[in-house]
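So that you can tell them apart, the chains are marked A, B, C, D and E in the order they are listed, and the count of residues begins at 1 in each.
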Amino acid sequence: MASDSSQASGGGRVAGKAGGATDGVQRWFAPGTHITIRGLSKRFGDAQVYDNFDLDIPHGKVTSVFGPNGCGKSTLINMIAGILPFDSGEILFEGKTARETRIGYVFQNYREAVFPWMKAIDNIRYPLQYLGLDKGEREARMDRLMEAFDVKLDLSRYPYQMSGGQQQLVSIMRALVVEPEVLFLDEPFSALDYEMVMFLRDRLQKVLVERGVTTLLVSHDLDEAVLLADHVLLLTKRPTRVADNLRFDAPRPRTAATTVTPEFIELKSEALEIFQREVRR
Amino acid sequence: MASDSSQASGGGRVAGKAGGATDGVQRWFAPGTHITIRGLSKRFGDAQVYDNFDLDIPHGKVTSVFGPNGCGKSTLINMIAGILPFDSGEILFEGKTARETRIGYVFQNYREAVFPWMKAIDNIRYPLQYLGLDKGEREARMDRLMEAFDVKLDLSRYPYQMSGGQQQLVSIMRALVVEPEVLFLDEPFSALDYEMVMFLRDRLQKVLVERGVTTLLVSHDLDEAVLLADHVLLLTKRPTRVADNLRFDAPRPRTAATTVTPEFIELKSEALEIFQREVRR
Amino acid sequence: MKTNLSARLRPLWGMAALVALWAGVHATKAIDPVLLPSPLEALQAFWNGLASGSLWGDFEKTIVRTVLSFLIALAVAVPLGVILGANEKIYEGIEFAIDFFRSTPASAMFPLFLVLFGVGERTKIAVAAFGAALAILFNVAYGVMSARKQRQLAARVMGAPRWRVLTDVTLLESMPQVFVGMRSGVSIALVIVIVAEMFIGSTDGLGQRIMNAQTIFDMPDMYASIFAAGLLGYVMNLVFLMAERRFVHWGGK
Amino acid sequence: MKTNLSARLRPLWGMAALVALWAGVHATKAIDPVLLPSPLEALQAFWNGLASGSLWGDFEKTIVRTVLSFLIALAVAVPLGVILGANEKIYEGIEFAIDFFRSTPASAMFPLFLVLFGVGERTKIAVAAFGAALAILFNVAYGVMSARKQRQLAARVMGAPRWRVLTDVTLLESMPQVFVGMRSGVSIALVIVIVAEMFIGSTDGLGQRIMNAQTIFDMPDMYASIFAAGLLGYVMNLVFLMAERRFVHWGGK
Amino acid sequence: ADKIKFGVFPSSAALPFYIAQNRGWFKEAGLEVEEVPMTSHPLTVQAIVAGSIDGAANLVTLEGANMEARRRGTLKYISLNGQNSQHVIEQFVVKASSPAKSLKDFKGGFKLFSAPGPANIGAARAVLRKVGLVENKDFTIQEQQIGVHLGALQSGNFDGGYTLEPAATIMVAQNIGRRVETGVIATYLLGRKDASAFAAGAVLSDKFIAERPDVAKRFAAVWARGVKAAQTDSSTRGYLVQGMKVPPELAATVPLPRIVPVSELSAADVADFQKFLDIGTELGVIKEQIDGKSVVKAM
């Protein structure tokens, strides 16, 4: 992974506005930043998805990513998570690497990410073994999770015996059980029913804010994206740039009531306007 | 496929209220019904999903199906489409069988339903060969579809080179190209971006109403379910029954403006109330 | 998966059909009866062999050799196959050797193995283990290489070290191919053991029995022995078939 | 997939390693040099064989027989495998015969095939085709049976008749396994052709060459012939490997 | 007891071994002989070279001599098995129904099989040439494994062939084949009907003789005793039933070669042996001219 910003990284310049088109100069990261992306480039064959892309993802906040299909949202998360190589640039986790960070990831492709040879409960338990916890603590975490979710779902089934939504729920529980430092949610509610979505929005807000989990949420539901976000990151079509990065400061917990506040409606329509302008460009 | 209603099928009794729990007596189908389901039972292992289930799906109308995760929506569609055997009961298509009916189906599991060995365009073209059309007509249908969608997507890629949303779009186009008599849409917009969802809602309404396509739409987005529907079918948890079947008569085309009309809001809150009552039961 | 009686007996149909074909050919004298005895004669020879005890002894010897060489092959080839499959560059380097030896008859390898392992039991087992290991290795490495990547990446993200990804995900993902390898391997081990018993001197085993029967032109006994060998192969395959059904419950879903 | 020179040459490393090992064993005299000649002597014999023209003729004969029997096997086994794989009940019935013959040495089948096909060229090709067909059939049927069902159902819904689902979806879905079958099949065809050339009267072919060299104890020529056979096997596998890379572009994704 | 590994090709020529083993003569001489069954001559030679066996009951002389030609001091014959029309091993047979009465009748594209290996087919060809037949005009000949010779006659793929015992005995017993002429090597290639074609013999490896001369000597003595018993005591034939795994009726009729310990070879025998080896050299089965005396050892 070549880096043309290795020198600049050593400097101590104060960061400019996070993201946005750069003039080729690399910036050092801002305080309070958890994940710093600098000069990231990635192409698939002849399609340049990212070209010298910069982004700062703040610590302990929820960043919603909103962008058109195929702009590279899943690609970005995969590169940050360290499972997709990139052509150049660098991605830093407060000095750590992705491997050293406790990550929870709900894949867009949730069906292919659960293990069909394990029962749902064992799927959920699986990542705990890599945290270096003792048995009691592992059990405690499972119990806490089960209590928090209070699922009526029969977790002794195998994934292929479950409906799409049930599999997605298992995938979400698996991502949360490790009490991650960084959480990637790639369209995590796409197959869930109305009731479950409402429930999870509540729960997640509580958990994420309480524990200060750095979260990246991809959603095509603008209401949801804004409702949960501290920052709404708007991406353009390929080659992908940051169209804008909006702040949403409404107090938490945010509920259905939040969606009728003027700030919400205003931010939402601003985001929509930028999005549509960029998509139609 | 055993049928304990084979005798009753021959009769000519007028149908009662579509769906609902039956008292064991089979009913003949109502006029204007396209798909008639009688006494349907289906179990997976020890889980009874359907038990003596009755349903009439009206001809040329959009029926939205709204129900909790795992209640059996995908299962129902698969049984109707003739790709999942059931334990007892019968499913009739105006006297025809599913095989004889031109079906379009967007699978919930869209990634696993496209053919990775074919380019996207060939995936879309694939079902045309089974319609008994001549080459010119096939080409004409493709051209019409391409024009209607005016996609900026590069369809000469293979599915595995596409993002989730792009694959889902290909899947939708493949279902529409045959100009189906019956269309099954199982959460068809779950991975599509805002702009594309808006566009497709419009297009679909136009096409479906114009051509009188009998449509079954599964969606967890209540706004969407109501907006597109002539009938909103509300299902309970397992063993699945019809909780209610609401009519929505608002004039078409329905747009974002429709969602703020009092009828819409009223119907939506009624549906929500029934749904929540059933889910929490 | 409950199976009723008719389903359980289905494999027997295959055997019945084969024997019926054999009886048919014999009855029409399409093949000279001196060269192809009737199934009944072969059965008689089979029975006599069992009753006199000598067939059972040979049977046992062949089973022991086959199982032993298969187990050695399994122990060597599965871990090696996983490792090679996961390191495509190393595999490409070693592919020549694998394809080379897979395409060389075991009988051409006998001289070399005789030199390495002497004339005793060890040569037979070593050659058979070698042949079986190649088949298993080939299949396992192939399965690992062509396993889908998504779940492996998921395990990586969850913090699994590389080798745990291999054992927990990749190996399971390629399980169907591993079973194909094991079934190929056990058949190959049996074939080589029999050939070795035929050509590398042996005082027992089905191969030696076939060879002897052929030398003295005792066709019923020869076919009885061949049938015993084939039956043994089927039964060993059946074990894996059933193990796979039970173990790879998620297959095809 | 662009590959640089070092990647292209990687398979040669395997060959180099094998030859180096051989040279090493020879140099340390761990094996009597009369029994294991040096690679150089074998190369010399190989070269002489080629120069005098006789090796090339044998080579050619073996290639022709192998290719012919493989093609026959392919033509029979792929369609049959698809059909059997799609009809699990029939497959279960016939499985006995498949596993039976897969586990029986080709050499034990020679007497029967000699009777059926006479002593000429046809027997060799028939036995080899039979052996290869079993391997291909086994793999294809297995691939078809364990192919994932979702896409097949999608094709059904789109109105594809059953056989089109088989050819358009199931077969492609099980393509990786089909290629494993073809690679197993071509290796087995080669092995059986060589064994047949060794044991069923033959005046040419690599097998007869190996056998003759062994009888007159011309070890350099024997190893040269064995090496030629293995090389041939590798090259034929390579063809399929490359075909697969090109054709099954979606593998593992 | 001194341990010896001894290769045995199950055939009538191994009778001395079976006798000595069954009657406990080896034990009497303080030897513990382990029988290593060998069904292939090249592998037997190889096992001797590699030192996995110390000797063999019956090894084709051409192959032994060839090995000696390639590497002197590998093995020595301690007895030779002569074959001719009295001690029948090699012979021409035809289908029982064939009109052919003598070798001269192999005319008109007569289809023959031959025992496998360049030595066998070479000898067969040479004999037929001596008779005045022309290959591919009068006859064709093709190698076949001995095991399929009977089937080859029965199925009609061949009219006749050059085969060895005990296959010929079985053919005749089952009335599938008929002998045409036996002992053809002696008659046609060595030039006398009563000459002995020394086609095989018992060997000990030179290494074994050099390293354990005393054991070798004791072994050779027992061997010679076995040879004597095999030729004089017809009751010993019963041991073939077990050793060769042949049915009793066959054991009684299968012919024995003329087994001669090296010390008892006559001058004529030595000349016959040399002549036989020279034929091997001519056929290209032995790498170079070799002196018969250098491959035998009287113990």
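Here are a few things to note about the model shown:
Heads up, the rule we're going with is that a residue touches a chain if its C-beta (ideal position, glycine included) is under 8 Å from a C-beta of that chain, and two chains touch if they have at least 3 such contacts.
The structure presented is a predicted model; accordingly, all values stated were derived computationally and were not measured.
Fewest steps needed to get from subunit A to subunit D, stepping only to touching chains, is 2. Taking the CA centroid of subunit A as reference, the farthest chain centroid is that of E.
Once the centre of each chain is set as its mean CA position, subunit B and subunit C turn out to be 50 Å apart.
Averaged C-alpha coordinates put the centre of subunit C at 17 Å from the centre of subunit D.
With centres defined as mean CA coordinates, subunit B is found 32 Å away from subunit A. The centroid of the Cα atoms in subunit C and the matching centroid in subunit E are 37 Å apart.
Shared contact sites, meaning residues of subunit C that touch two or more other chains, fall at 31-32, 35, 111, 115, 148, 198, 214, 253. Of all residues in subunit E, those touching 2 or more other chains are 42, 46, 50, 147-148, 151, 155, listed in ascending order.
Looking at subunit A, residues 109, 112 sit in touch with two or more other chains.
Pairwise, the chains that make contact are A-B, A-C, B-D, C-D, C-E, D-E. Contacts from subunit E toward subunit D in the complex involve residues 41-42, 45-46, 49-50, 63, 66-67, 70-71, 74, 113-114, 116-119, 142-145, 147-148, 151-152, 155, 157-158, 284-287.
Of all the residues in subunit B, the ones that touch subunit D in their complex are 78, 81-83, 99, 102-103, 105, 107, 109, 112-117, 126-127, 130-131, 158-160, 174, 178. Across the complex, subunit C meets subunit D through its residues 7, 10-15, 17-18, 31-32, 35-36, 89, 92-97, 99-108, 111-112, 115-116, 135, 138-139, 142, 145-149, 176-177, 180, 183-184, 186-187, 190-191, 194-195, 198, 207, 210, 214, 222, 226, 229-234, 236-238, 241, 251-253. Remark: subunit D residues 148, 150-151, 153-161, 164, 168-169, 172, 175, 248-250, 253 touch subunit B in the complex.
If you check the complex, the residues on subunit B that touch subunit A are 44-45, 66-70, 72-74, 108-109, 111-112, 153, 161-166, 169, 187, 190-197, 220-222, 272, 275-276, 279-280.
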